[in-house]
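Scroll down for the structure; my scribbles are underneath it.
Chain IDs A, B, C and D follow the sequence of writing; residue 1 opens each chain.
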């Protein structure tokens, strides 16, 4: 049974066995993949295509397989009608989500490599901006050290190997770099858009063409419809009856529900179809960007 | 850069291509003055916000609501006011709730003090963590979390603990065996985490959304197609919720109750900033028309 | 498993019965048939003009004249997805023009996996253009995968390098205006296309040319005129026409149905398949009639 | 009165130079405030202060991405399933078996590093292909659940009979017509020779602008509130120039 499930039951003692099994798998896969590098070049394209298609197929099955709610004791869960031995299909899906994330996570190292490359080059070439590159590399290193240290400290506290009091310095350091620096910087950069929206609107909202005029008029009505004081302007109109349609908040709601909603739905549907077509082309290996040329 | 032949520009030419930094300076001045000295503004409640408020306000004591709070400091201006108003309503109605978060691992640390502070207020029925509400904490994987919750809520949060025991063993989760036992799922977010709920949530569970104003355009269609029970939009939505709270618990009957916070506070600077924008657009247009008339550049 | 459970297992097919899955399958079929047909008789398909795309060469040309770089941003996709791949496919043709004129490029990436693909595509383009030595590996960069750090760095790059042309294609969120306004400050020509339609108005306000909606997906077919791409475009067009026709039919049938009262059987069915009912609303919802009617067919 | 605690008072400066590191202390707020001003200086023009802040920002952000990937992805989603966890009775944790096959992901993902190699560059397509393939497979589900209910909602009664009132009927008609007209703008491959189709397509573009105008209007509110919140942070929380909430 264990053999088919590809698992080892863990006890506190057998960590070395588990590690050995994992290392063996890593080693075996490496050899297998190394073997791939020797296959003839006309086989490369179909091979990559096969990888793409099979990984997509898992989710297509998730779309197609019927499922049922199953009562297990006090809880209800969803099961596929056709269990894929030895797991329920939902478990397969959970693994897939992991796979994509773990692989992207490992590939992040490639991105970090790119950053290190660009900035170390600047430092060693004595670029005009070398100082700023040092600042960047320094703050990156500081964040990694503090972040990981704090994480390890927290984990040790969770199993009772350490106490929060003993790790107070590192917790404070982390909360400074995270809450008081990174988060604040995020918020500040985000809020800068207020200025850019003002200058963009100043330039773009001109009665230059029909399109620009429509956009401006609708934007202003919707805007006023959100402002309580502007609503007071038309508050003199009756609350119901025909004239109520000209109250600014009613105009806003009407535009949002009956004009903007269907227009946006239409554009969204087009985007959805484009995305689906893209996905199909990728799965079939006929999209140039991912397939081997 | 626009090269003008004549040395002296007339006022319209200056205004037409005004240096954007002047606009920025005026905005900074206007907002600064009103942030320091806010003015109280009246309100007209949005029906979509009222719809969610009425639904939640109609819940009975002991009902259960699942909350996903995804906001971080970057949308604090809008989401915090919404979150506070929601907490006040649920606590006053004695509705049990469980909060999870998908946005950022630090969110529980940001919102827990807010909840505890509101729980101390008069009218909040002295809400206790583990008794009346629980924090399911942070879930890194959006996709797996939402499908997990929909498939089996107890299983999805059973690893999260409060005071040494699993949160599903606390009184909060009593009688909650499926997400459809929750009266509502409320998502407070500044990002597109809501899309997954539309995709995964089964029709029987109701979904409410508190989002930033920017997201309203794409989410109102879901309110129209009734995939949402109600939608609370931006700081105005927070102000709406605060206004509705004040209607249900008016200040003369409940003098100690806090109904208004940042929703109302941010309304007057917002109003004047938007007025500034409208003024700028009008001036820009007049400048353009004047230039056209005088045969300047069009 | 009892019969009830087997029936219930079709819950995932939603409130609209088999129609939902069938429609998705139909759309897929349209796309596939479109691709197959276009392969057979390529050249027979014409696409309407997409103004923004005609400006690419002009923008790159201007960058060459001023010896300032061309900036490309393939969006802020959270993973390596079709949107980023599509953006990079469009960028490939921009990089090709840039390689011919030896214009410097800056391709700034948000996601490491997108960065890897971008790196490869850029390398390939320079290779096929016969100028592999002109390719600078550092011109294709990973910046940061945190939204506003990315925006800050792009804004900084735009201002410091004084880019002459900027192309934003793919998934963009709030940062769209930060990039576009900064590029506007340095006087760059900007072409934008985004799948997040909420950002399109800001690009319209700040950029010179904007591809609306799925013109973004049509772009690679428009630029490359490859049968596969043209075919899927035609398939998507057919799907759109079908949906339009469906909307008209549904309108008529539903209007007629809405004029008759509900039966108890209808009510029971709504109960069973979990149609949401909101307080203060009639029960069941009006626009469910039509699908209620369709639902009867498979379950008899 | 209000200036008693503000930046104009000696107390404020005393408090700042106490370098108190407790959460929400003036010292910590000041760090954030200075960084905020650094980013805001971009509004005037690109300068050294901005450049410094930007590099700090990118450095911290990338560092945090690394930390977050280790903390939230590699450890819980790869290492733990691969190594399993023994049962722990005191914490009430059940045994999780070691799924050692997870090990295969490491060499598989590492193939992406061949991207710089001239000879084996194609190997990097394998991990990237798997990621993009997984994305592509999900699109059927996403399309079905996101878009089809919206199309379904287009089925609305347009006859003013029964419970449908005349205004409702008119609104419903407008909704459907708008939807169809805008969608017709996005039809690419049919020659738009006829005047009628060209007109429809032009009107479709106008209606699209209505949608975009609405987005612009709603977004402006958010953006201003975010700046107002930052102004509150700088003026009230940091400089203490007014009464807090």
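The working rule: a residue touches a chain if its C-beta (ideal position, glycine included) is under 8 Å from a C-beta of that chain, and two chains touch if they have at least 3 such contacts.
All values reported here derive from a predicted model rather than from experimental measurement.
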Most centrally placed chain, judged by C-alpha centres: D
Highest-count interface - the chain pair sharing the most C-beta contacts: A-D
Euclidean distance of C-alpha centroids - chain A vs chain B, Å: 21
Where chain C and chain D are represented by their mean Cα positions, the distance between them in whole Å: 17
Per-residue overlap in chain A, given as positions that touch at least 2 other chains: 63, 98, 100-101, 103-104, 107-112, 115, 129, 178-179, 182, 184-187, 189-190, 192-195, 197, 199, 201, 203, 205, 215-216, 219-220, 223, 226, 256-257, 260-261, 264-265, 267-270, 273, 275-276, 278-280, 282, 290
Per-residue overlap in chain C, given as positions that touch at least 2 other chains: 11, 14-15, 21, 24, 27-28, 79-80, 82, 85, 113, 116-117, 137, 143, 145-146, 148-149, 152, 160, 174, 197-198, 200-202, 204-205, 212-214, 218, 233, 240, 243
Sequence positions of chain D contacting 2 or more other chains: 39, 42-43, 51, 53-54, 57-58, 60-62, 64-65, 68, 71, 73, 77, 112, 115, 125, 128, 131-132, 135-136, 139-146, 149-154, 176, 179-180, 183, 186, 205, 208, 211-216, 218-221, 223-224, 226-227, 229-230
Residue numbers on chain B that touch chain A, as the complex places them: 18, 20, 23-24, 27, 41-44, 46-47, 72-76, 106, 141, 143-144, 147-148, 150-155, 177-178, 213, 216-218, 220-221, 224, 233-234, 236, 239, 267, 270-271, 273-274, 276-278, 280-281, 284-285, 288-289
Of all residues in chain D, those that touch chain A in their complex: 21, 23, 28-29, 31-33, 35-36, 39-40, 42-43, 51-71, 73-74, 77-78, 81-87, 91, 95-113, 115, 120, 122-123, 125-144, 146-147, 150-151, 154, 171, 174-176, 178-180, 182-183, 186, 205-221, 223-224, 226-227, 229-230, 233
Contact set on chain B toward chain D in their complex: 21, 24, 27-28, 31-32, 35-37, 74-78, 105, 140-141, 165-166, 195, 198-200, 212-214, 216-217, 221, 224-225, 227, 233-236, 261-262, 265-266, 269-270, 273-274, 277
Sites on chain A touched by chain C in the complex: 63-64, 66-70, 81, 100, 103-104, 107-112, 114-115, 117-118, 121, 129, 182, 185-186, 189-190, 192-193, 196-197, 199-201, 203-205, 215, 219, 264, 267-271, 273-282, 286-290, 293
Residue numbers on chain A that touch chain B, as the complex places them: 74-78, 90, 93-94, 97-98, 101, 178-179, 183-184, 186-187, 190, 194-195, 197-199, 201-203, 205-208, 216, 220, 223-224, 226-229, 231-232, 235, 249, 253, 256-257, 260-261, 264-265, 268
